[in-house]
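Dropping a structure here in structure tokens format, bear with me for questions.
Chains here go by letter, A, B, C, D and E, matching the order in which they are written, and residues are numbered from 1 within each.
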Amino acid sequence: MTRRKIRQRAPWPLLVLGSLGAAVFVLPLIGLATRTPWSRLRELVMSDVVVDALKLSLMTSVLAAAISLLLGVPLAWLLARVEFPGRRIVRAIVTLPMVLPPVVGGAALLFALGRRGVIGEPINDATGFLLPFSVWGVVVANVFVAMPFLVVTVEGALRNVDGRHEAAAATLGASRLTVFRRITLPMIAPSVRAGLVLAWARALGEFGATVTFAGNLQGRTQTLPLAVFVALEQDRDTAVAISLVLVAVSLAVLLLLRDRWWSNGADL
Amino acid sequence: TGRDSDETLLVMAAASLTDAFGEIGVAFEAANPDIEVRLNLAGSGALREQIVQGAPADVFASASAQTVQALVSAGLALSPTDFASNELRIAVPTGNPGGVVGIEDLANSELLIGLCGAQVPCGQFARQALEQAGIDASVDTNEGDVRALLGKIEAGELDAGIVYASDIAASDDVDEILLPPTFGVAITYPITILSESPNPDAAGAFVAFVLSVEGQAILHAYGFDPS
Amino acid sequence: MNGLDAHLVVQLAGGFYLDVAFSIAPGETLALLGPNGAGKSTAVDVLAGLTPLDDGHVVLNNRVLDAPADDVFVVAEQRRIGVVFQDYLLFDHLSVLENVMFGPLALGERKPQARAMANELLERLDMQGLSSRTPPQLSGGQAQRVALARALATQPDLLLLDEALAALDVTTRGTLRRVLAQHLSDFSGPRLLITHDPTDAFLLADRIAIVEDGSLSQVGSAEDIRRRPATPYVAALAGTNLLVGTNRAGFLTLDHHGHDLQTADTSIDGPVLITVHPTAIALHRKQPSGSPRNTWQTRVVSVEPLGDTTRITLGDPLPLGVDITPGATAALNLHEGAAVWASVKATEITVTPAAVNVKSGRN
Amino acid sequence: MTRRKIRQRAPWPLLVLGSLGAAVFVLPLIGLATRTPWSRLRELVMSDVVVDALKLSLMTSVLAAAISLLLGVPLAWLLARVEFPGRRIVRAIVTLPMVLPPVVGGAALLFALGRRGVIGEPINDATGFLLPFSVWGVVVANVFVAMPFLVVTVEGALRNVDGRHEAAAATLGASRLTVFRRITLPMIAPSVRAGLVLAWARALGEFGATVTFAGNLQGRTQTLPLAVFVALEQDRDTAVAISLVLVAVSLAVLLLLRDRWWSNGADL
Amino acid sequence: MNGLDAHLVVQLAGGFYLDVAFSIAPGETLALLGPNGAGKSTAVDVLAGLTPLDDGHVVLNNRVLDAPADDVFVVAEQRRIGVVFQDYLLFDHLSVLENVMFGPLALGERKPQARAMANELLERLDMQGLSSRTPPQLSGGQAQRVALARALATQPDLLLLDEALAALDVTTRGTLRRVLAQHLSDFSGPRLLITHDPTDAFLLADRIAIVEDGSLSQVGSAEDIRRRPATPYVAALAGTNLLVGTNRAGFLTLDHHGHDLQTADTSIDGPVLITVHPTAIALHRKQPSGSPRNTWQTRVVSVEPLGDTTRITLGDPLPLGVDITPGATAALNLHEGAAVWASVKATEITVTPAAVNVKSGRN
């Protein structure tokens, strides 16, 4: 006997508003599709430039998402759970990269970490290491713009969690770190995933901060969005084609991911 | 500019013309009190896209002949007129920390070298110059526009880059190194009235004003040469 | 001293004020009973280190765990206090086995040992078949058993059981009472057992403390509690009747009721608590003529069949519970509203000095 | 007697990682501060251009956040709770605006809603209404880039919520809409707020899609980030100064907001 | 028919299979008792419309609510079934008052009316002072009362109470039993009461159904259940001893124990259930010489003081529970391991035909 599924019916106000919401995203995609040079697509997309950019984009966006996870989740936890002076200010500062035009963000990064930057100059003098114009520069720029999404999402989720389960774990002798790893994190897993997706997607699409902080060199720092930008000035068809690659990559990754760990297998 | 006007003129101008066209707009309004000028400033490519998509614009002043030509072929713009010209220079941070002497140094992989991207006019001209000099530049970044390139040189993040003379004139934080005249490439800025201009008369007046003595003087003040 | 020494003073946001002091010797089980909202779970939170004290102290085996005056506060994870929470607080994302293994692993136990210990505990609690389930897939009683196993698995220095048997069925309850009694006598630390079931308290506890409205109203052995209830709540717990009055050479004037009684006990003069056991009261259809000096007429307020006995509640002038056999109930034709005569021998009325302030027994 | 507060100590790995995470945001801000022309700041910032842009930015970003809330929460609910064919694809499409370089997103909007657009052309022919180069164009562009953040955050939170409380509400006779409004929404309120902050901040900082779709007209479509862009072409100092305005506005709004409804009053 | 007619067939993911059929007349209260994990809460979920049936049907007042065969399923919000969930499921973001008002408001009641009704219910449940608290600020028993008030406030057609009294203290329990009895007799719909406490069942229910491991093992009046328990679980519930064996003209051969007994009842031949009441067994230090034909020697396994009586558990050959007075316990010097003689009169041994399959009573 298989379990009978009862069809959930959606109340119409939610259905109407939600569909309108979906239209906001679907319409432009249709717009994009109508202007796509489908016949020349293969040729436009199979160039060196695009392949190089795609590789770089995948690598840097995944790295940036990973770093955002590593640093962002602890930061969110500190913001949500530990009272320290200036907490509110730190929390507000975390959301700044979202507000700052990315180009300005990139400039701020240069001011801080560039060859003449507040931190960058001493580091460069001492070690010769230079972030701008390198792959690591791309990653740093991506982390800067992408991590806030993860931090805000995770902090919101942490505030949703009632502390009693964590307290119960503490009475069992678990240190705060163990509680965090084995109780808190699993409890907010869906939100951490949501935040990770947001951060990854934002990193994949990042343009302004990257071009300003890391520059634009094919094979080294030219990610897909930078390639799109270059193409936009030359030939719209190529730009649209590269954008479709971007769309396809993110669609593929998101569709694959969700099956596994987004929906806990209970999905369509 | 909150006064009543009979007509509003929408001028699409390349971002590198921001300062000069800002002043030209004010001067034009003073001369034509019944016309209000609105500037729409963006990269030449983005402007072209907006025009193609039916922006209700009147005048298009571009940094690239190519962009305008594309619009003319599409029947969206009337035949253009060149209104300004420019020259290339090597810009280095004040004090020239990289010790750049001439165009040969751009091949030095020890230095951090930037150019404009090949998709924008300044990048195309720079590459022409390098080719003529037979130099294979060791490029670390292809910036999106000349201002971005200049900004990085000003900040000392790059040791050298090829930019327009007009940009160097506007900056206090760079030193310039002249290129031999043989490497000079002809750099011209076209302006055109758009075919679907809602105010073709006012558009004509604006173009005429840019080409007038007064307009040319303003352009010169911002480092542009007459065409 | 070894064992637990606690004086808990806490002021909660809503206005509730807890102030209780008690100690539990090593190996001793103290049962904490009290009406809903009396502060039992609050006491558990404080002892476990989840709510800090406002005043007083918690000292376990000579280690000061909380003492606001000396600015000492030991965090929960360093207290080695095992808790079964009233609402279980199981970890929904972990399996039953992992829930039980959590404590040992957190304390540094190796995985195989932790697993073995968890499996053994689950087996003792009759849960062996369910170890790979997650808590949302358990029934209420099964979840409670997991909570118990999880608390026992850490081998704590002090065990706090907050209604740890409330959701269990009768047979499991019996089994678990035995398991727990066994475990409690193995376990050398002090333990605190919170329950609403007097049977649990009488069977498992060495001593019983009654908390009402934030303070202790009575502490003593099961025998004390049953024989000399100090408040109406305790009397209800012990299944007996409690009245308040004044004794003058055997003549009892009642505080809240307009009927006087006589007792054989003339040793105490002044304010007294008066206990009348429900089986000591006789009911008659006609006025009895025999020896009982305390005889009055009243009406039946309710008739509740309780299996082997029937509980009759009498109305004014004395609201007393009376236990008689179902046979007698039928013979006397007792029903709601029936008029009856009640009598009780003077020797069956016990009095104790009203030392403790009598509370309403409910908040 | 006032309640004694027990100081929560953070485990050092979380402290180290979280501080590193915070450094990612604080360092560039310091960089920016070192390059700010503090003495000329007032003068640079008090111009017509900046005031116009500030007004427009506040209005359009708030509108965009409100619309995102109105359409995005129902959309998130549909995605999380209702099984319909193609659900996974819709969900993936919703995240596209995050991946698409904003300039391409703006172009896609033009293709769909521009005067020559798939939808825009018939609408323009019939009513004369034109989205691009209008304030509404800015709002649409903002909604397009900002709403995904809200949708993903809220959907993640909805998946965190166990359905038993909603079921209990249903047994009390509450319709699905009532359950949604009175039970589900309050339960995920912190995440909705987080999503709203994300969306608002993203809208406030939006540049690429706006400049492409709505143009860059002072007083009509020139928001603060566009003003920064224009200033960057003229004078870096002005650009930095305008960016600081942006930063100050968002800091002010975030600090004010959080006090009230972010932290439920339990904050520092 | 009016009332509830249910045949519930559900297969849960973990392998649990529920298949029970029962009906409840309007105004009737059915108590559902059973061991932990027997399927009681699952039945509640199915009746309330939170879990769809796999087979069978739910019909309430002639309205089909769930019938997979006919593809009928009425969603929870259209069933008008009030539920007190075992884990309460209170809305933490609403105040106590708002929790109780939620149902009436959802059903279209005006705010003042809803508030008045909620206030009245809260007062009846002794919660008036707490109506502005939120659920996390309540004690366990207080929360349970709110859950009860919330379910009653919707005036449902069917009331499902899943251990609705488990967390209450003795006095509140008594009060609430009366409130509930009162309410239940006012309320004309059918109601299902799930409990582990036989007293609740005996007092509040008209009929008792026992579910064990997913199916019904006995249905009957309180009297039936007490007198003729069909399974060890029911026997434990009724506080009596149950053995399984075969009757041959008064000679009882026991299935699992090596001792035979004699009964006065020779009317039934073949497999029987044998009930021996704990008070019917007498204990002696020496072999008794009187009339009881059933006499054997054994050892005391445990001695549990239960207030007025002491429960003695005997070991092999017959594991029986015996209730004697504390006085007798002392007089006989009974303690764990003590050797005693037990005797029971043949007339005290009741037998019933073993019609129902005997289950282990635990899963």
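In this text, a contact is a pair of C-beta atoms (placed from the backbone, for glycine too) under 8 Å apart; a residue touches a chain by one contact, two chains touch by 3 or more.
Given the structure is predicted, the values throughout are model-derived calculations rather than measurements.
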| item | value |
| --- | --- |
| Touching subunit A and also subunit B, the following chains | D |
| Of all other chains, the one whose Cα centre sits farthest from subunit C | B |
| Chain pair that, of all pairs, has the most C-beta pairs in contact | A-D |
| Distance between chain centroids, defined by C-alpha means - subunit A, subunit C (Å) | 55 |
| Distance from the mean Cα position of subunit E to that of subunit B, given in whole angstrom | 88 |
| Subunit B-subunit D separation of Cα centroids, rounded to whole Å | 34 |
| Multi-chain contact residues (two or more partners), subunit E | 13, 75, 87, 92 |
| For subunit A, residues that touch 2 or more chains besides their own | 107, 110-111, 175-176, 187, 229, 232, 236 |
| Multi-chain contact residues (two or more partners), subunit B | 46, 49, 148, 151 |
| Of subunit D, residues touching subunit B in the complex | 103, 107, 110-111, 114-117, 130, 132-133, 211-212, 215-218, 220, 229-230, 232-234, 236 |
| In the complex, subunit A residues that touch subunit C | 164-165, 167-176, 178-179, 182-183, 186-187, 189 |
| For the subunit B and subunit A complex, residues of the former touching the latter | 43-46, 49, 112, 114, 117-120, 139-144, 148, 151-152, 155-157 |
| Touch list for subunit A against partner subunit D, complex | 7-11, 13-22, 24-32, 34-35, 70-72, 74-75, 77-78, 81-85, 87-105, 107-113, 117-119, 140, 143-144, 147-149, 151-153, 155-157, 159-160, 175-177, 180, 187-188, 190-191, 193-195, 197-198, 201-202, 204-205, 207-208, 224-225, 228-229, 232, 236, 239-240, 243, 246-247, 249-251, 254-255, 258-259, 263-264, 267-268 |
| Subunit E residues touching subunit D - in the complex, by the definition given at the top | 48-50, 75-77, 79-83, 85, 87, 89, 91-94, 102-103, 106-107, 150-151, 154 |
